[in-house]
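These are the structures, in structure tokens.
Two complexes, one shared chain (chain A), two partners (chain B, chain C).
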Partner chain A sequence: MLTARLRALARSMSTATTSAASYPFSKAAILPTPPPAPPSLESLRKGKGLMPYLQTALPPSQKQQWLATLFSKRHPDRLVPGSVLTVTTAHAPNSFSGVLLSIRRRGPDTSFVLRNVIQRIGVEMQFFVNSPHLKDIKIVKRAGSGGGKAGRRTRRAKLFYLRNSPEKMTAIAGGIKA
Partner chain B sequence: MIGLKGTLNVIDNSGALLVECVNVLKNKVNNGWGSVGDEIVCVVKRARAISAAQQASATAVKVRRGDVRRAVIVRTAKAVRRPDGRLVKFDDNAAVLLNNKREMLGTRIGGVVSADLRMKGWGKIVSLAPKVV
Partner chain C sequence: MRTGVIARKRGMTAMWDDQGARHPVTVLQLDNCQVTANIKTVRKDKSEYHAVQVAATDKRAKNTTAQMLGHFEKAGVAPKQIVKEFPVTPDAHVPVGTVLSAVHFVPGQYVDVIAKSIGKGFQGGMKRWNFKGLRASHGVSISHRSSGAMGAHQDPGRIWPGKKMPGRLGGERITTQNLKVIRVDSTLNLVFVRGCVPGVDDAHVMVQDAKKTLVFAAKHNHAKALYEKVLPKGVDDLPFPAGTAELAKDLPPVIEAPAMRTSPFIPRE
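== the complex of A and B ==
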């Protein structure tokens, strides 16, 4: 009885709206607030609310999911610089592997740089996440895995110092058959 | 972005090791820049010693220090944009020597070349290269 009273109190204090989207299997369910309606076309044409609208409208759903998980700043599964990735593209070279040096977060213009050493020549490629030619991103090795010195996270967001130290590159990515 | 005085490594077996750019042939001016797939005129700054067999032969191509030759740029340290928006850059600049008729002087290529060569019409070099990125 007491718990029912507490639940009723919680229900009255909650700011969730149950009118528009009601849960058919329980009357006591609390549903989160629905997302705000997109701004009208006239206000978009004037530029009001344009950038947030483009952030959600431009990328397709799979890429939006990538942006929300792999390329977000706080998601537990996000990509961390120092990881080794393999990227599959629609055009040649069809797949490119490398150490993630940097992530440039600009909403729909988000891009990342992978560095690899091919036949003793360093090659860097910058991929744009929303490009339709970017088919797949596979994580070969997450940064910070492995014990000892390699197990600690990098203390930088952009690992451009790896361009000048091949020893650190091999420490991160040596011995990986990707 | 290779221009006057830009140095490039030579990655074929013609004998030259390092060349310095003197002129970029796609531009009508002297102060232009060349990128992957552009033909340049270059001076050989360092070359491998010519073996005795090569010295004796009349038909072998002898590349010596101080020669003025043509070359095509195959790798640049400056990033090059691909049609889908990707950017590719290498750690050094590299070239492959050519004769006046746009044919290669060497017979083998050792190293990575950029895939932009195919788009500019250098399919022969791309087919000889061990790795194309």
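== the complex of A and C ==
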């Protein structure tokens, strides 16, 4: 009886799945923590500024920070195409390094593409910032560092020309251990 | 069969479920959606047609015709921009004046969304009817995108009625079926459905339970006595006759649908 009471207490404290009492229409439904209360509900209920509000309300707080710093357009610490990043994921490949080719900014759907040459095969991977599988982003080398020609910023936002020039790839990412 | 709801398409974004799979979602918002009438018509052959009339989005009284003002006064609601009705079974009538809420839909169920598609103007055969056009070279002169011949010769000596020709494309009523409800937010009255929905942003759309995947499947399974399969997986019950703003006060503010499948990221043998 004591264990039954403890179990009931644990069940009532868990926020992951619902008990029949809180949401009777689906036992398996998930009840996430609601987003922080917005300043003005009235205008949001009419739809004014709803999508920009969802951009900040839907992603969890850590990803929100990434979106506001690494993937913003004007933050001083933002990622710049041409940087070399190492990304840690929850499933295989657990770690992937590569040159940042492009950032696709779509609010909660923001993603970026990393390119690497592994065993003489060019490999590109697209990572979605909000994906629960994306655990960590480490900056190995920021673009624009180093002297001379490599020191200047790239003149493109999307570096797809690197697919056809292996020499420029090695110029950016050569000598970096994965 | 329950009533449907009128919502506004607000835009699209992406969401990740508990297993980490990405779903493109359309955000639909209920804009003060209220029931304005319960309709019952008896046809000549004594069969009955039952419907619930629903209206959404408040409008200024000075912009509403006197006839509609009288209709809204009889229902006891503010004048609205759009009034539509949804056929229901006789037991699914909703009291006039009820404010419908996003909790009318249960995450995990399927819905049909009906809206006017984006107008594309006067379009040629290739875009309107998927005609293949003509070759790009090899002698074709200035008719690369034309429809070609319009018919035969002296017999029949005319063009068949209904011949596919260039004309106005879009701006017509389109139904997108079997969209899964991923998330429901009752504070802002938002329903997130997986996939795309016809129409421009901020357009009015009609959302109702999926005819094929929900209503007819339920009817057939009920007739076969497969009572566990009557509702979709993960859905235990649907608010009947409707999910109202009163009901939303007792329910959690945000509800999300579980994946209801084995994780797609685990390799299968």
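Brief remarks follow.
One rule holds in what follows: the second predicted complex is superposed on the first by the 130 of 178 C-alpha atoms of A that agree within 3 Å, B and C clash if a C-alpha of one lies under 4 Å from a C-alpha of the other, contacts with A are read in each partner's own complex, and residues count from 1 in each chain.
Basically, a contact is a pair of C-beta atoms (placed from the backbone, for glycine too) under 8 Å apart; a residue touches a chain by one contact, two chains touch by 3 or more.
The structure displayed is predicted, hence computed values, not measured ones.
Comparing chain B with chain C, the partner in contact with more residues of chain A is C. Touch criterion met: A:R163 reaches chain B, while chain C stays clear of it.
Using the contact criterion defined above for the overlaid structures, shared-chain residue A:F112 touches neither chain B nor chain C, since it reaches no partner. Judged by the touch definition given at the top, the superposed model places A:V123 against chain B, while chain C stays out of reach.
Of the two partner chains placed by superposition, chain B and chain C are both touched by A:H133.
Contact with both chain B and chain C is seen for A:H91 once the two complexes are overlaid on the shared chain.
Of the two partner chains placed by superposition, A:F71 touches none, neither chain B nor chain C. Counting contacts by the rule stated earlier, residues 90-91, 128, 131-133 of chain A appear in both its interface with chain B and its interface with chain C. Per the touch definition, chain A reaches chain B in the complex via residues 89-93, 96, 118-128, 131-133, 163. Note for the complex: chain A touches chain C at residues 17-18, 22-35, 41, 44-47, 50-51, 54-55, 58, 90-91, 106-109, 128, 130-133.
Of all residues in chain B, those touching chain A in their complex are 75, 79, 82-92, 111-112, 115, 130-133. Residue ranges on chain C touching chain A, taken from their complex, read 8, 10-11, 13-16, 18, 20, 22, 27, 29, 31, 106-108, 185, 187-190, 202, 234-239, 251-258, 260, 265.
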